[in-house]
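In the two complexes below, chain A is the common chain; its partner is chain B in one and chain C in the other.
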Partner chain A sequence: MTGFLLRRLLGIAGTLLVICALTFAVFYLLPSDPAAQFCGKDCSADRIVMVRQQMGLDDPLIVQFGRYVLGIFAGQTLGSGQYAVHCGFPCFGYSFQSGQPVWDLMLDRLPASASLALGAAVLWLLLGLSAGLLSALRRNTWVDRTVMVATIGIAALPVYFTAMLLLYVVVTVLGLMPYPRYIAFGEDPVGWIRNLILPWITLALTFAAIYARMTRNSVIETMAEPYVRTARAKGLRERRVVGRHGLRPALTPVATMLGMDLGGLLAGALITESLFSLPGVGKLFADSLNKADQPVIMGITLLASFFIVTSNLVVDLVYAWIDPRARLT
Partner chain B sequence: MNAPPTPRGRSAGRPAAAIEVAEAAEATATEAAVAEAPASPARLAWQRLRRRRVALAGLGIIAFFVLAALLAPVLTAISGHGPADTDKRAVDSYLGGLPRGSLGGMSTQHWLGVEPMLGRDIFARLLYGARISLLVALCAALLITLIGVALGATAGYFGGRTDTVISRFMDVMMSFPSLIFMIALLSVARDVNRVLLLIGVLGAFGWPYIARVVRGQTLSLRHREYVEAARACGTSSGRILLTEILPNLAGTIIVYVTLAIPGLIGTEAALTFLGVGVRPPTPSWGQMISDSVLYYKADPMFFVLPSACLFLIVLAFTLLGDALRDALDPKGGAA
Partner chain C sequence: MSLLEVRGLAVEFDTAEGPVRAVRGIDFTVERGRTLGIVGESGSGKSVTSLAVMGLHRGAAVTGSVRFDGTELIGAPEESVRRLRGRRIAMVFQDALTALHPYFTIGDQIAEAYREHHGGSRKAARARAVEVLGDVGIPDPARRAREHPHQFSGGMRQRAMIALALSCEPDLIIADEPTTALDVTVQAQVLDLLAGQQQARGLGLVLITHDLGVIARIADEVLVMYGGSAAEQAPADRLFTAPRHPYTRGLLDSLPRLDAPEGEPLRAIPGSPPSPLAPPPGCAFHPRCAVYAEHGSPLCTADRPLLRLVAEGHRNACALDEVTTG
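Here is the complex of A and B:
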């Protein structure tokens, strides 16, 4: 177990380093001058040279990369003399636009993204699991066929369409609520739910469809196992057979998917956040794109990779915990 | 399309044993056999596919969009408005540039209405948008197939260190936050042909999934008797891969590529929506959707139309892929 963890952690560190190097290379090899970006619009050539020096852009690429990676862990001091700024522990540099530390910017936006992802996950699990289970237990009936056709249709719905249609119908035509704006959970839990419900539905629908199909296949497969037949032969009621013997092993692949999907969404659901103007990491990313704010784009890329790679590990650990057959060695 | 008056199926006049022998010895005659045998895999698959109405519906929708995209110049000539033509008379400058008339300005002049502000014809822009969408998705699908099959088959066939290196590479690629990385990549490259760049980026991040499936299939194929036989005859590895392994992979490849296309279309639209994909003035669905978000209240038709196109084409490829999987993949698609 310890050996496994150690190996996986090393693997994670390696993968993150590769991603970091690639991101770094992409940004600093391609023809866009960070110094000119940082300096702003009306900037003289002399000043750009000075900024280049201050930002250390004249050093070889490998030195710059080393400084960036070291800086994340040890912090770094930018500039010199009276202009020196120290940027503490998780130092991802400063935004070209606002001049704020990238880490603070991301930390500021994380609650909104997490709220969106977690709430949507609850919703899609409820919808997807119940639809999938229903479909599997009523296999080859009209219920099953209807659910399966519906899932294909729903999975093909573009998020833009769902989001705009919900906004148009609920907000504009029916006037059930004002245009949603993010309210922190700590401030007003009811307002938090009311304002996030539309984004949750938007994000959850596609996932619910995929999870329903997966749950159906998985349950059908498990219900054909010999131990389910044994449970039935013992004279257990069907409800108990499904609940205790069928469902638990059938849900392991769902748990795996859930971990990976959540990992991908924690660093921001780019499009959903943009459509609803939710102040999440994804919106920050989209905004930084439009302003070519490289340090922020890079920081978020790394944060997202971190979430994805870590969630893979968490999934493996949870998997070993639910399914005794998958002991880790 | 109907079969010539030869009898079908088992009563084809060829004894079963002969077919088996022929199959075991097939090396050069594969192509000929596929073309002549009454129950070739391709024809069997087509027969199974033809029985499914959803698959035909999917195929029909795809054909419709492909035709629409190909005939875009002709159709816009008939409707009388090009994709870049602005029509100030169709929008009401007193209403903030909203289209005149109901349903987003649908009229005999503009069949599907006009865009707010500039008054560009939506019908024409949808047609030309379909071109970009299909072009990018199909080219990227081709790229994915080429890279995925080449690497997957190589890894599966040669095994050993080659396999380790390629598999590791696939693992790293798959743990990438690909959408975010694609965006980062697209956002820094400025003066490049956007369509080519999109195809390249989509291809670069899409191949590991198909490569993994192909590798698994190749692993199970490489010790079959006919492969061993070919090897015993002194056939080179490259030739074995091409003539013995590849034809057996065809079904799987077709299924996975068809199922990958909706994802590619969706990703292209998402990237363009976020402003890093196809750039204006090139008309594209993602761009139209992104513009229409501002007008969702006043001109709902403007977001409904491109979204509906996107929905239909994604749905069509999914339905077709699903049916193809049932028709071509006897295992029922357990990946």
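Here is the complex of A and C:
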């Protein structure tokens, strides 16, 4: 178990390093000059040269990369003399746009993204699992067919269409609530829910449809397993046969998928956040892309990769905990 | 009153290719303390029969009569049949690795059945699980009860499956190919265990198998099935010494013999089992039947032959019975 964890953590570190290097290389190949970006519009040629020096952009790429990676763990001092700025652990550099530390920017935006992702996950699990289970247990009836047709339709809806439709109907036509704006949970929990409900629905619908179909297939498959027949032959009540013997194995692949999806969403749901102007990591990423704000893009890419590889590990651990046959090697 | 009395049992289910009559009206009786062997090839309807008796064949139309200890089970409310399952009629399935739940410990799975029918504390149910595991010869049962099925060897797993069946002190055990997934040496041990427990507890036992060796070892009565119908029914010793149906003879002839002359090839029944979707007209066996090939009679293709009494306790479903024995 310890060996397994060690190996996996090493693997994670390696993966992140490779992703970091690739992102770094991509920016080096881009035609835009970070120094000019950082310096601003009315910048003289002399000043650009100075900024280049300060930022260490004249050094070889490998040195810059080394400095970047080392900086994440040990912090780094940028510039020299009177211009020296120390950037403490974990240092992802400073935004070209705002001059703020990337880490602080991301930390600032994380609560909104986490709120969106976790709330939406609760919603899509409730919807997806119940629809999928209902469909599986009423297989080939009109209930099943209705659910399956509905899920195909919903899964095909683009997020921006759902968002616009919801906003138009709920806010403009029905006037049920003002245009949502993000309120932190700590400030006003009720306001947090009220303002996030439309983004949650928007994000959850597609997932709910996919989860419903997956749950249905998984439950149908599991209920045909010999061990479910054994449970019936033992004389157990159908409720127990389904709930204890059928559902647990059926939900294992769903749990795996949930881990991956959540991992991906924690670092921001780009489109949904942008559509609702939620101050999340995804929105920050979209804005930074528009402005070619390299340090922020790098930081968020790494953060997202970190969440994804970590959730992968968590999924494996949970899987081993659910299924005693799984060996951690 | 017999423990289990099955009359005219038929099972039909709908498939995408059309209705399949998997079992076409069979009769048998099981007495307490006796063993009925049901033998046949895959697709002969023997497993479907066992599931139909338990009311576990989902989505199939089951007709006829299944009387257990005087109570009719076909058409009975699901709840009353459920109370019998596991409690008075228990099943032993073929492959214990897939038939036992991979997520729960062996002890849990046995205790769960016991608590369902007897109530009582978790602790008492656990104790009962350990007790029956010991009964079926699992060493160190208290420790093994805490293990999962994948930690058991094949033979031990099948013993655990038998322990599960015995845990609620049933009156009847239906064992569907209980030894097919096992090594030959382990097969013998498991069969002896099953027969021993059956004797000790005075249980009725229905043993479903394609293996005549297994039948010879522990069955009192034998029902030979072919294409969803009964071909022949006889006391075990009679069936082996004086088989009447050409199919039964073919089965016995195809057993490998140690005393066969050197170089003699193994014999097999030519052809393959009938398609359940489009069974041949008349006797389902006639396309493969050696007697039909020689003495071909329109009787064989006209109607499905019915079982007729040919000797005491011995029934044969062959229109050419006189030819074969004459």
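Everything below uses one rule, namely that the second predicted complex is superposed on the first by the 329 of 329 C-alpha atoms of A that agree within 3 Å, B and C clash if a C-alpha of one lies under 4 Å from a C-alpha of the other, contacts with A are read in each partner's own complex, and residues count from 1 in each chain.
Assume a residue touches a chain if its C-beta (ideal position, glycine included) is under 8 Å from a C-beta of that chain, and two chains touch if they have at least 3 such contacts.
None of these values were measured; they are calculated from a predicted model.
S.K.: Superposed on chain A, are chain B and chain C clashing or fitting side by side?
M.R.: Fit - chain B and chain C, as placed by superposing on chain A, sit side by side.
S.K.: In the superposed arrangement, does A:P226 touch chain B (first), chain C (second), both or neither?
M.R.: Second partner only.
S.K.: Between chain B (first) and chain C (second), which, if any, makes contact with A:G235: first, second, both or neither?
M.R.: second
S.K.: Does the superposition put A:G186 against chain B (first), chain C (second), both, or neither?
M.R.: neither
S.K.: On the superposed three-chain arrangement, identify whether chain B or chain C touches more chain A residues.
M.R.: Looking at chain A, the partner in contact with more of its residues is B.
S.K.: Taking the superposition as given, does A:D323 touch the first partner, chain B, the second, chain C, both, or neither?
M.R.: A:D323 sits against chain C, while chain B stays out of touch.
S.K.: Quick test of understanding: once the structures are aligned on A, what is the angle at the Cα centre of chain A formed with chain B and chain C, as a multiple of 10 degrees?
M.R.: 70
S.K.: Identify the partner contact of A:G99: answer first if only chain B is touched, second if only chain C is, both if each is, neither if none is.
M.R.: A:G99 sits against neither chain B nor chain C.
S.K.: Regarding the shared-chain residue A:I300, is it in contact with chain B (first), chain C (second), both, or neither?
M.R.: first
S.K.: So if I take every C-alpha atom in chain B and every one in chain C after superposing, what is the smallest distance between them in Å?
M.R.: Shortest inter-chain C-alpha distance (chain B to chain C): 14 Å.
S.K.: For chain A, which residues belong to both interfaces, chain B and chain C?
M.R.: Chain A residues touching both partners: none found.
S.K.: Show me the residue ranges of chain A that touch chain B in the complex, using the header's touch definition.
M.R.: 15, 18-19, 22-23, 26-27, 30-32, 152-153, 155-158, 160-161, 164-165, 167-168, 172, 264, 267, 270-271, 274-275, 285-286, 289-290, 292, 294, 297-298, 300-301, 304-305, 307-309, 312
S.K.: Can you name the residues of chain A that touch chain C in the complex?
M.R.: Listed in rising order, the residues of chain A that touch chain C are 225-227, 229-237, 240, 245, 248-249, 322-325.
S.K.: Mind pulling up the chain B residues that touch chain A in the complex?
M.R.: 172, 175-177, 179-181, 183-185, 187-190, 262, 266, 269-270, 273-276, 289, 292-293, 296-297, 300, 303-304, 307-308, 310-311, 314-315, 318-319, 322
S.K.: Quick check: in the complex, which residue numbers of chain C touch chain A?
M.R.: Touch list, chain C to chain A: 54, 56, 82-87, 90-91, 93, 95, 98-103, 112-113, 116-117, 148, 150, 164.
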